[in-house]
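A, B, C, D, E and F label the chains in the order they appear, each numbered from 1.
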Amino acid sequence: MFEVTVSDHIMVAHSLRGAVFGPAQQLHGATYVVEASFSRVRLDKDGIVVDIGRAGEVLHAVLADLTYRNLDQIESLAELNTTTEVLCREIADRLAVRIRDGSLGVVPADLSRIRVTLRENPSAWASYERTP
Amino acid sequence: MFEVTVSDHIMVAHSLRGAVFGPAQQLHGATYVVEASFSRVRLDKDGIVVDIGRAGEVLHAVLADLTYRNLDQIESLAELNTTTEVLCREIADRLAVRIRDGSLGVVPADLSRIRVTLRENPSAWASYERTP
Amino acid sequence: MFEVTVSDHIMVAHSLRGAVFGPAQQLHGATYVVEASFSRVRLDKDGIVVDIGRAGEVLHAVLADLTYRNLDQIESLAELNTTTEVLCREIADRLAVRIRDGSLGVVPADLSRIRVTLRENPSAWASYERTP
Amino acid sequence: MFEVTVSDHIMVAHSLRGAVFGPAQQLHGATYVVEASFSRVRLDKDGIVVDIGRAGEVLHAVLADLTYRNLDQIESLAELNTTTEVLCREIADRLAVRIRDGSLGVVPADLSRIRVTLRENPSAWASYERTP
Amino acid sequence: MFEVTVSDHIMVAHSLRGAVFGPAQQLHGATYVVEASFSRVRLDKDGIVVDIGRAGEVLHAVLADLTYRNLDQIESLAELNTTTEVLCREIADRLAVRIRDGSLGVVPADLSRIRVTLRENPSAWASYERTP
Amino acid sequence: MFEVTVSDHIMVAHSLRGAVFGPAQQLHGATYVVEASFSRVRLDKDGIVVDIGRAGEVLHAVLADLTYRNLDQIESLAELNTTTEVLCREIADRLAVRIRDGSLGVVPADLSRIRVTLRENPSAWASYERTP
């Protein structure tokens, strides 16, 4: 099994809904370092899982819709409680759309897994994995 | 599958038993950076695996019994050879106790996996994973 | 010359004023990893610049007034454009107050320099240094 | 399940074959930080997966054949397109040979998995895992 | 004194001239993580040293002439022994040209120092500092 | 001004003397990541400050006398309170001896500064600088 990971980041404001979040219920913010991983059982004819350059561009395009924003005011996220875990899933789902539309240069059947990790500070991070 | 990780550290002295350890048979020490990961198939109603703040506190409480100590003189570790691997398991087992007693705010059935990683220096680390 | 550094972080929302900031004029956020450094020509009788534990507590106390907040709504920052550079200076100035009031366990004359570094993402950071 | 990882690095020149690689078709180079992980269901009598010191030496020996070289001119790699993914597999396969010849102090049946990760820059890395 | 740093990287092949370099006399390669720092005594009216976004673009433009290349075949470097130290100076000098031509949005008199750091692997790096 | 840094680590046990150290008065331990920096106004004829390979070997030799030991029982440290700051100075002084005896391949007059940094955990480190 092979896996390729590319990394980028977003800088966003948001607030969380639920007493469990304590002070994070207030509007605050985060730099999320975002790692997107793509897994594949066999390499393609060029010897790669996906083109790392293209993967970085696709990830950057997905993140461009989120960065420098207040997530509380993004319509497509309105029904979500934007915890780190939920953002991992959201970004993974958006990457899956880009795979299906051909942006990544592979078809879903080529890949066995997508995983997205968000690092919110030096001592806390989360990840989500799904099939493509 | 979702996973949340929190990180902390301990600074301990210890010695290892067995010729394989060479100079590490002498009393020496380590800063272990400790990462505790919790996995869950579905998020709870707040959109989280566990409360990251609470997970950090539980990990800190578990590590408080070990840090600034000589592990060779901790009674509950007396029968163990405190290799990095064994310490990973010991800390994972102690976290599992805290999950069962409700400290983490989830029940064991909510989680699918606990993993503990100890980084002992920039070029060596170990991990252990178990069911909760 | 000796220097001791302790590190912590804040997670804040804010917006910047000025066309130069482009999309960062929108309300967004950041995890700032904050490093506070203290310099001293000679060590004290215990062989230290400052007590690292106490320095960590003082830094944490200074940051507690900022973290999980929208900086745009903190009265004491109202007149500032909270760029990374300005936040470095603000935190350094607040640390200097804590040194003068004895919280750090040293007097200003003991120290030759304070420096504060804020890392806003993996590829950008800023610092400010002043006399204590 | 236990896992032990050791890390080292190589500094190599190479070029990639295929239009997908764009400017990386030119002769260029990389520092690859190489992480080799070994997994085991049960620890041995000393409480370890493998001897971390010995694992570091075996990894270093495997990398000694590659570092400070132009990979395009290494005969044993002549048929390979030395992408990060392919290099992961190549190094994992060479480690597997060293396990079979006894260099690591364990037999293949002791281990459940080998994984090799190569970090080529701060925002891109790849890994490959296989049975020993 | 304020300082702002932006970071990027290059992936290059090269060889070094001189017996002192041992195996690094062979054609090999490196990922250099490049940090460019700009210092200033007083902030400008926007509260910044330089625009971090613009600094990142200027650094990227300077590095675009070097990355994915064999440094031994770049005409403008022909007379240099491209050690890490020499590359630090070369990149700092090229940044200074961009400051003088206005690309960074500041004039040389605004800045008190430029510093360039190149990290060649996890255990070795070099830096060079000059006036702008 | 040029600076070259090499990095290594030690894993030691020790205890600190003085009420200020609280629980660190107990025998405990640390992994110290050690960075040794050498500064020089002009490069030598090969275009270097010092040979990075040789600097790494000299640092490793200095650290070999300390690692895997209990610092409380090393005779040459008997009169020291081995705080992070004191260890920085001790290692810098030992490096200075190696420079004077020619081990580094430069004479003291070639260098303008030596600096040693010890990182004791992810949120605390110290450094000491002196003339060679």
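Here, a contact is a pair of C-beta atoms (placed from the backbone, for glycine too) under 8 Å apart; a residue touches a chain by one contact, two chains touch by 3 or more.
Quick caveat: nothing in here was measured; it's all calculated off a predicted structure.
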Quiz prompt | Between subunit B and subunit D, the fewest steps along chains that touch one another | solution = 1
Exercise. Using the touch definition from the top, list the chains contacting both subunit B and subunit E.
Key: D, F
Exercise. Please state the rotation angle, between 0 and 180 degrees and to the nearest 5, that superposes the Cα atoms of subunit D on subunit E.
Key: 180
Quiz item: Of the pairs given as E-F, D-E or A-C, which one copies B-D, with over half of its contacts the same by residue number?
Solution: E-F
Self-check item: Computed distance of Cα centres, subunit E from subunit A, in Å
Solution: 31
Quiz prompt | Whole-Å gap separating subunit A and subunit D, where each centre is the average of the chain's CA atoms | solution = 27
Quiz item: Which residues does subunit C have that touch at least 2 chains other than itself?
Solution: 7, 24, 122
Quiz prompt | In the complex, subunit A residues that touch subunit C | solution = 7, 9, 11-14, 23-24, 26-33, 67-70, 120-122
Exercise. Would you mind writing out the residues of subunit C in touch with subunit E in their complex?
Key: 17-18, 20-22, 24, 80-86, 88-89, 122-130
Practice problem: Note which residues of subunit C are touching subunit F in the complex, please. | Solution: 1-8, 43, 46-49, 51-53, 56, 105
